[in-house]
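So that you can tell them apart, the chains are marked A, B, C and D in the order they are listed, and the count of residues begins at 1 in each.
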């Protein structure tokens, strides 16, 4: 089936800097995509190329099956929400939202009703005649959103939509945005460097690094089955171990390095054998530090010279620094030769794991 | 806190000192009581060359006569502006201005004694000039007399009598010509002057500006100018010729000692000698060389070729003196303003 | 059916491509049209007058040109202009720093009034500014007699020229410094003060390095303006040749002497100095830009 | 006057310097001037300051300064635009030249412009041929005022244009607006404030300008006489008070222009929170 948006073999350079390196992906209609990557990974460049604000050096950009490389931004049927919102400061909320409609010479009546509809959608009916500078940051974001939506685009692009908003409001807005986009059923791509945000909001995630697409998939797929060390490292909290075969239950026949990543949720700590499900499969460790994390405690334990991280419920007895504990490693993400796979603790047999 | 306030005051004082430092050197030479070494002649624009030469000569003369060294400097500008500077505090030992009215103003401010006009011979005017026409070579518009200036096809350049002392002579000369022509009928005189000024294309603020407009910029067909200015132009460029009108005014540039200043500086003696030397053959010769008509008959005869015969009248005969003329013609609402009134 | 739709799409994409190309070329056309307009305007209004100055200055050849510049009165005028400019700029630096410090590091009542007072000289005709000093220090002033007794001449002497020059240039440095210091904020100075540093130390070690280029920029503007001031200085100068004539006044005198070549020759020196100063200004600006790029560039 | 609890030292020190300096250089002379002018009384003031011919002088100065400020607003904006937005050879030189009228003595500018724009001048010969009297006329005055006003608008607009977020233009482009529409509706409104500031400065400067104008003005009463020349005229007649009266009217006029522009900016800030 045809993708709503498709990128084929996109290359883009800025001088020596490779912003896009053979980028390929497609987005299905109605999906909400998170374009996730560290800063400088080329995610914003991809978004801007889709919008037509940048031109790729080579490759094709297709929207609704049509090649749009040479199409002006305004003719691509796109809505764009900028990181800093780029609202027109000297126009009221109403005028901002109406701008795209006026440009397209819509009838006065139609503009009016569409603007009313959108101000209502973003819950700013009462603020329609205010200027952007008189609104809170969160309100501005919603105005930017409504302005982008006004001309009824088939594709909505959002560049770091939550970056400027403080933590508390951000949480609210994330939920609101996800809900609203789904309600409208508009295909959307948003750029973020925040994995929590991507995981929480997106239907699908595209992870970029150094101008390349590393992996695409649903949040759960990416979390559970990272296909490259970069993704494994970037998603979730990770502790690198240079050779995981030293740990109990992970011994391997062949020689050579076996680098891997151990996530906190792969590790269980018990004060004694009783506290742990499978004492036989567990290692000995020493608590080096504990950090209060609100809903849990993060413990750093030293096992065979390696510091591992693990979460521990507040319900359980507290850990003392320097105490000797039992450490059970359920699973390890291994990278044999550039490919990532999950290796289960062999000592555990058929135990099922609860994350 | 107190300390800081004192500090800021001290710094303030430092500022004054800084500013005044600049004048320190000036003071030693400028205002000593007996030993003043510098002498300032405040004059008007067209006398620059005249006094540059005269000062050089008089430095020698004064050294011979008194044995003292003295530096003679000059300041030039519009006559009225120069008079004003003296009133405002410019330390002039003598003033040599374009018209008696400007000296009168200085006298009125109390710097010069009221009887200055009688202090030196010939109305305190050691040299004179008159008003003539400067036209382009061959006189293409055939301008012969004041009559021709009111013709529709003639474009005139003359300075503004309100801003230029010299230009007032021009105006009065034209006025007197018209009065004689129309037998004193004031309405007709005014009409004549009005027509004349309607032909003026540039009304420069000063006499020199007017000459520049006419010569450098090629404005107008005729420049109403002082004879000495016209002669200077002729000397530099053969593209012009002088037309002498049938009647003109005797322009008497005034000289005076600034009593207040010389008494304070102790320079009265040299100031009086300076002006007297203007009347002596040496001074008269320099004036004639710079195209001013000397009072001295012999020297005038010597330079006769450059000064055409013109019937001349004085301002006292025709207008009853400068104060009266000024009030009637050039003060706000005077005849000059009236001709521009719509 | 399906084929024809595809073709249609291709056709329309092709058409759009063409449109894009023409819009790009029309953009380039607009760009060069605007550049041409701007350049033409500057050429007619700015460059032509300068070329004319140079042209007239050399009308009688190099010898006449050099003679006009080395003539003693021209040299004296040049020295006086240099003196007045240097003193005025120095005074304005002290004032500019003090007032900018006052306006940006403290809050007090009347601050807005003070700020606009400093701007006022911009709105005053230089001729009127000159008159101000005549009224204050001239013969009709009540303090004139006192000044006389002290043998202090202000107007029609060098101090008056300096004062007039200072007057027309004094907002420049403050104006340059205030935005820079405002952007800098107070935290660094406050930190230094809580560590026990004195005012002078704070200024020298904390503030000055931050505002250095802004200050230099202000000094350059101030110098340029001070050098060329004509109107105000003309009123207070007295035009005494070799004593109170600055370069601009000397030009006027030469011009009034019908000595056009010399007038333009001296003028060309001022033009040259002005251009030199503006080149300096650009260098400083370039340096400023580079500095801000270095501190503010985070890559893509 | 000072509030307590300041951490940074130097309040009294800098206040001392600032006040002393401001008093000596500006306030004292201003007071002396007003004091001097106040000697004439209202009747004479009104009489002198609003005489028909002098009112015409204000009008001349005002209208030519206005025309010049309008021309400079247009070209100043244009210059700021090409200097910020485009790259082309000679850009740095062009940027540097903008300030030249600032540094050049006004008299030199006046003389040079007059020589250029008289009938026989390099520019004048074309303009006169087109029937435009470019010297000794209102056109000439305007030309001189354009010259002295060039830097103001460009220098006010340039930094603002430079700091303008490129995103707002991109936003407009994505919403389908063309370049010209984007400029009119999105960029230009952002530039109104600095444009007005530059306009006001150029305007105020133009009203008071004397040195560069007097050569090219022609100075004919009721035609090409400008207000600063009238001050000179009154001084030439030793009528200080009349000169002061005209000067005061011009001062007030300039202040009013600057004030109203400032007032408008403040109104905008209050209304739009910009």
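Throughout what follows, contacts are C-beta pairs under 8 Å (C-beta built on N, C-alpha and C of every residue); 3 or more make two chains touch, one makes a residue touch a chain.
Computed from a prediction, not measured in an experiment: that's the story for all the values here.
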Touching subunit B and also subunit C, the following chains: D
Of all other chains, the one whose Cα centre sits farthest from subunit A: B
Comparison of A-D and B-D (more C-beta pairs in contact): B-D
Averaged-CA centre spacing for the pair subunit B and subunit A, given as whole angstrom: 88
Whole-Å separation of chain centres (CA-atom averages), subunit A against subunit C: 52
Mean-CA-position distance for subunit D and subunit B (Å): 35
Distance from the mean Cα position of subunit D to that of subunit A, given in whole angstrom: 55
Residues of subunit B whose C-beta touches two or more other chains: 15, 87, 209, 216
Sequence positions of subunit A contacting 2 or more other chains: 72, 75
For subunit D, residues contacting two or more additional chains: 13, 15, 17, 21, 115, 232
Partner subunit C, residues of subunit D touching it in the complex: 1-3, 6-11, 13-15, 17-18, 21-22, 25-30, 32-33, 35-36, 75, 78-79, 81-83, 86, 88, 90, 92, 94-109, 111-113, 115-116, 122-123, 143, 146-147, 150, 179, 201, 204-205, 207-211, 228, 231-232, 240, 243-244, 247, 250-251, 254-255, 257-258
Complex contact set, residues of subunit C against subunit D: 27, 30-31, 34-35, 37-39, 41-42, 44-50, 52-53, 56, 91, 94-95, 98-99, 101-102, 105-110, 114, 117-129, 131-133, 135-136, 140-141, 163, 166-167, 170, 186, 189-190, 193-194, 198-199, 202-203, 221, 224-225, 227-231, 234, 247-248, 251-252, 255, 263, 267, 270-271, 273-275, 277-279, 281-282
Subunit A - residues contacting subunit D, complex: 51-53, 72-76, 78-80, 82-84, 86-91, 99-100, 103-104, 131-134, 147-148, 150-151
Residues of subunit B that touch subunit C when the two form their complex: 15, 18-20, 22-23, 26-27, 30-31, 40, 45, 48-49, 73-77, 85, 87-91, 109, 206, 208-209, 211-212, 215-216, 232-233, 236, 264
Complex interface listing, subunit D residues touching subunit B: 12-13, 15-17, 20-21, 24, 48, 51-53, 114-115, 118-121, 135-136, 214-215, 218-222, 229, 232-233, 235-239, 242
